[in-house]
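Both of the next two complexes hold subunit A, though its partner changes from subunit B to subunit C.
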Partner chain A sequence: MKIDCTIDGKTLTLSLNSDKPLSLILRENMGDDSQVNHCNGSMCGLCTVLVDGKAMLACMVPAFEIRGRTVTTFDSFRKTRNMKDIEKAYESVGRFPCTECYASRSLIFESLIDEGVTDPETILKELSIVRCPCMDPEDEIMIVHRGIEIRRKRNVRRS
Partner chain B sequence: MADRKNFSRYNMKCGILLHAKEGSVRISDLKLPELDSRYLVLTGSDLPGNNSINFFGRSMPLIAKETISYPDQIVLALFAPDYESAALTMREISLTTEPLKETPEPATLPDSLEYSWGEMDDNAEGRFKEVTTEFNLTRIARPNRKLYTVTAWLEGSNMHIEAPSQWVELIRDTVERATGYPKRNIIVHLLSYTAKHDEFLIEPAILAAIAATATIRTGLPSEIREECFFSRPTVSVKRRVLLDEDMKPQFESAEMSVDQGAFAFLPEEYQRQAMTGLIPPYPLKGFRGSVKIISSPSQPAAFCGSLGYSEALASTEYHISRLAENAGMTPSLYRQMIEKEKRKFTDYIPGFDLTSQKKCMDKVALSSSFDRKWSANTFQKEDFGLLGYLKGIGIASGAGIAGFSTTLSKETGFSAMMTFTQKHNVTINTSALTHRSTMKIWKKRISERIIPDRSEGVMFLDPSPDTIDTGPDVLSRIVASFTLQLESAAKRLSVLKDTEKPPVYLQFDAENTYYPCEFENSGSGAVVCEVMIDKTTMVPRVKGIWASFAFPTVMDRISLENSIRRTIMMTLQENGMSIPLSFRIHVDITEEGTDDTISSVQQLARGLTLGALYNALHQAAGGKADKLPISDAEINEAFTGEEK
Partner chain C sequence: MYEGLSSPNIHTPKSLGEYASIILHYPTSSLWAGGTFIMTRPDSYPSRMMNAEIVYLGDVEELHRFQRNDRFAEFGAMVTLDGILNTGKAVLPRVLIDNILTIGSRLITRRATIGGTICTKNFTTSFPGTLLVLDATAEVKFIKKKRLHSRWMQITRLLDRNGRIQLPPQGIISRVRIAFSEKNCQYFREIGSFMLDPENSVAVAFAATLDQDILINPKIAFTYPSHGVCYSRDIDSIFSSLRFPLDDSEIHTLESMIFTFIESSFPNISPLQRTRTSGIVHQIIDSLNEMTLTASPDVPAGYSR
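Presenting the complex of A and B:
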């Protein structure tokens, strides 16, 4: 089937099987080997992408689900101002995700910061999709809270 | 060095592998569907050269030929125009196996490594109190769920390989042996990777050899996509100690048995590292230690990030806590009673000062209220019935060791070359340049010695056929012993550049003068772990970790602290611990300000976390479930005796 979608700012019409996972579309059709893992739905959490600004596991999103939607991978997200806010939050808390889960965690942090989620349980529930054990829960909560503050300050300055 | 060729994915062979489901069986039938020229199947007999990977003199087949030694062994590689067709075709391939009629020949293993001092007393007169302890770690073998790809393509007379690797030279060597392609014409392009253990050491070399064979057969670029894998060996340590009337240990024997799976990689080094961890820090009149490697039809366990030191250190720490329990004292107080100011000098580890280690222990014991909690848990567990008190706290402390042993360094002669060029720059020829952050620190430190305030003048040469093999990038060799060598070379070069006309070359390797013993100690630490078993679900939860470390030099405090935290978290989760919302790791790092470089932080943090966790679990479960990793079902079974 033909699917119209926007991936990393490019408007595309892809011709592929309707149930092909997004992680494989990114790997095979888009040639993005670097950031997206494909664990066949084993919930490794390393294939996180933003679909319309919400963090999702790419291996669990079938092709037909992205029709008309905007997909952002870490490769394009890393160049944005929003990523700089997250980097500032990492620095201010003094904790960084390991290189393996850096992309996935950063995208989930972005999703949480964008929605302004402050409830610790919701934050940890969202972040639990990344199986990598490199960060402890309290640091994750602090990073989201700090990120929201930084984003708010930036938005105030801009307005 | 040539960049990666920009070939189209539509003009490439995509490979997937068929893995065996069980080990110790014979292949009785392998049925393949009719395949057209777009497909290629490679079995063990299709490789033009040797179907084996050679690692420090020990070998293992790349693809199983007639017999399958362990579950998950590669049986066949299938290459297709795309991964979907490869997966669909793979479904039509049927593998039939039958149990081996005769027992397979066990892998050639080294003799048990023995080390002892003093005459052992057999306690025939009953003068001493005898205490025995047992420490068990069961095998962890599971895919990491992380995909990686290995690509091979031809360009003129050169074979290009693109892969993540912890030892580039092993890839070149394996491809040469499997395909007959001269090593000089094999160019490896290193992909960035994050290895928690040693998952990119052996397997990428095997995949590279298979992909290179497919490329030679088809003339097209070939790629294999695979999940990375690691395996921790089964470890069992039995100790017997004789205590005098003051409960001080006098004689001790320790037997360590390690199941390294179907094939053993570098078992001699494992024995040396394990023996270093087995030797207790307290004085003894007599000690006898042995490390035995055994094999079984399971996935070969290679380094797993520790090569045995952390497991052995954890077993020693567990043992000390059991002695303290017998003496009716808290482990921290008991250690103060039995340990002297300095350790005994042995062939494996020098007789270093224990003051900083004791300071670390005091710090964590104080910040975690260890003595109070330990005593409370010990007293209160007797007041509870069937389930016990289900709370436990454990402590472990020890010193870090650096890199590989002196024996291995002498045998292998891995080296690197530093050159002061005519343009007054410094170039370094080494294969150990996989981590940018480490290279940045090296550049800074080397420039300080030779060309002050000009770190951009220090350059690491790009990988090429002339790159000097500096050995595998495991065990933090590059931040431990190799840094020591680099600094020493920089010092010597700073003198030579003033006396000789540039270019001045200096080839350096692990010299005997650095290591009076098998290993050099560097850095020390202590960890306290608090565990609570959930009364309803029996899930073991870690309430908190308190860690204190002291290192001679701290190059980057934030990276070091993050590295310690990651190692602690990884060790806890690997061993089946649940992490609650309130969990917190308290890390304290002290810089001693001496000239030595830091040791392998991961090894030390891992060993101490493992030891403290084992101790805490022992106290929480009342000694009923002494093994790691452990699940809720296993704890439930230990308490109730019910079948799963």
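Presenting the complex of A and C:
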């Protein structure tokens, strides 16, 4: 099956099995085995990617669902201004995720900041998919709140 | 590694009429809603078992509709669990909200659909049990004489003898109607992970009205993911014959009656599931006892919260 999609800013036409999980497409077809894990559906949360700006587990997205959509992995996201906002939020709170969950947590933070979610319960619920205990819940909430503030200031400056 | 595997054909109907014509052409095709259950199976890919035809329901506009009046809410089968929380958190029954919240991260609830959670193959999620205690009804669409028919059915009527949801051949659930419950005792508890440890997890949904120390119209459903939903009117009538608070001997008798029924329906539940079920039953009874004992004399018991 031929699938047109945009992965990390590149518009591609991929010839794939239609039910192949996105995590395997990224590892096998795109060669991105550094950031995307394939847990075979155990919901470890480490295969998080952004699909049209929303955080999703790549192991749960079949190939036919990415037709015409934009997929962003941490590999390309870390070079963006949005990632710099998240890094600033990490610095201002004084807590950083560990190397294992850095990519997935950062992408989920981006999804929450982009959506402007401030409700602590919703923030913790979204982040509960990452089971790594390297961050306290209070720090996670503060990072999202700080990230929203930084993003808002940047948008005001730009306009 | 994947040599010899053929890529399944994906059909994306835009309406239920189109769905019907696809199903008539490919009667053995697999239905795909959110995919959260299918994709988390260890053998989901590469799989020789996967059907050559997949019907993806995500583009069927009718299945995304949501409507609500002062008596009930009606969800299209493709409404996501996150969508349900966003649209009706304040008005929907507490037991349903608690069930959705136990699923976990929004990364899952954003994809899982209400229709998909009811119609999983060879597996039972905690949703049929919850919908059952809420007296929910579902609109079932099925093909008969090459035409698409529909019928509203209670969730209890969809359960077969083994406690699994059984739809007519080539049938789908298109809408689910949930009445706004006025029951003042609603309880949902899930122990263990349904997706990761189905052999040891259990969920119990309970809804009743506690009025002057007795339960009116109680319903309780026990769900064991790899076995099915255990529901009986007999257990409900035992609950309605009780006068709260219960003492230890009454709790023990009630528990043994419940287990007699569960073990007659599902003789193979694991010892851990048994222990967990017993713990949840005790919690429910403790909270009912507490509600009865803390009710003020002027206000009927159960309306104190």
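In the analysis below, the second predicted complex is superposed on the first by the 159 of 159 C-alpha atoms of A that agree within 3 Å, B and C clash if a C-alpha of one lies under 4 Å from a C-alpha of the other, contacts with A are read in each partner's own complex, and residues count from 1 in each chain.
Definition applied: a contact is a pair of C-beta atoms (placed from the backbone, for glycine too) under 8 Å apart; a residue touches a chain by one contact, two chains touch by 3 or more.
All figures in this text were calculated on a predicted structure; none of them were measured in a lab.
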item	value
First, second, both or neither for A:131, with subunit B first and subunit C second	first
First, second, both or neither for A:96, with subunit B first and subunit C second	first
Touching partner for A:46 - first (subunit B), second (subunit C), both, neither	first
First, second, both or neither for A:26, with subunit B first and subunit C second	neither
Which of subunit B and subunit C A:55 touches, first, second, both or neither	second
Touching partner for A:120 - first (subunit B), second (subunit C), both, neither	first
Subunit B versus subunit C as contact partner of A:1, first or second or both or neither	second
Touching partner for A:64 - first (subunit B), second (subunit C), both, neither	second
Subunit C-contacting residues of subunit A that also contact subunit B	17, 24, 42
List of subunit A residues in touch with subunit B within their complex	17, 24, 28, 31, 33, 37-39, 42, 44, 46, 94-96, 98-100, 120-121, 124, 131, 133-138
Of subunit B, residues touching subunit A in the complex	9, 82-84, 145-147, 149, 192, 194, 196, 227, 558, 561-562, 565-566, 569-570, 572-573, 579-585
Interfacial residue positions of subunit C with respect to subunit A in the complex	2, 5, 7-10, 32, 35-36, 39-42, 44-47, 50, 54, 56, 58, 101, 104-108, 110-111, 195-196
Partner subunit C, residues of subunit A touching it in the complex	1, 16-21, 24, 40-43, 45, 48, 54-57, 59-62, 64-65, 108, 122, 125-129
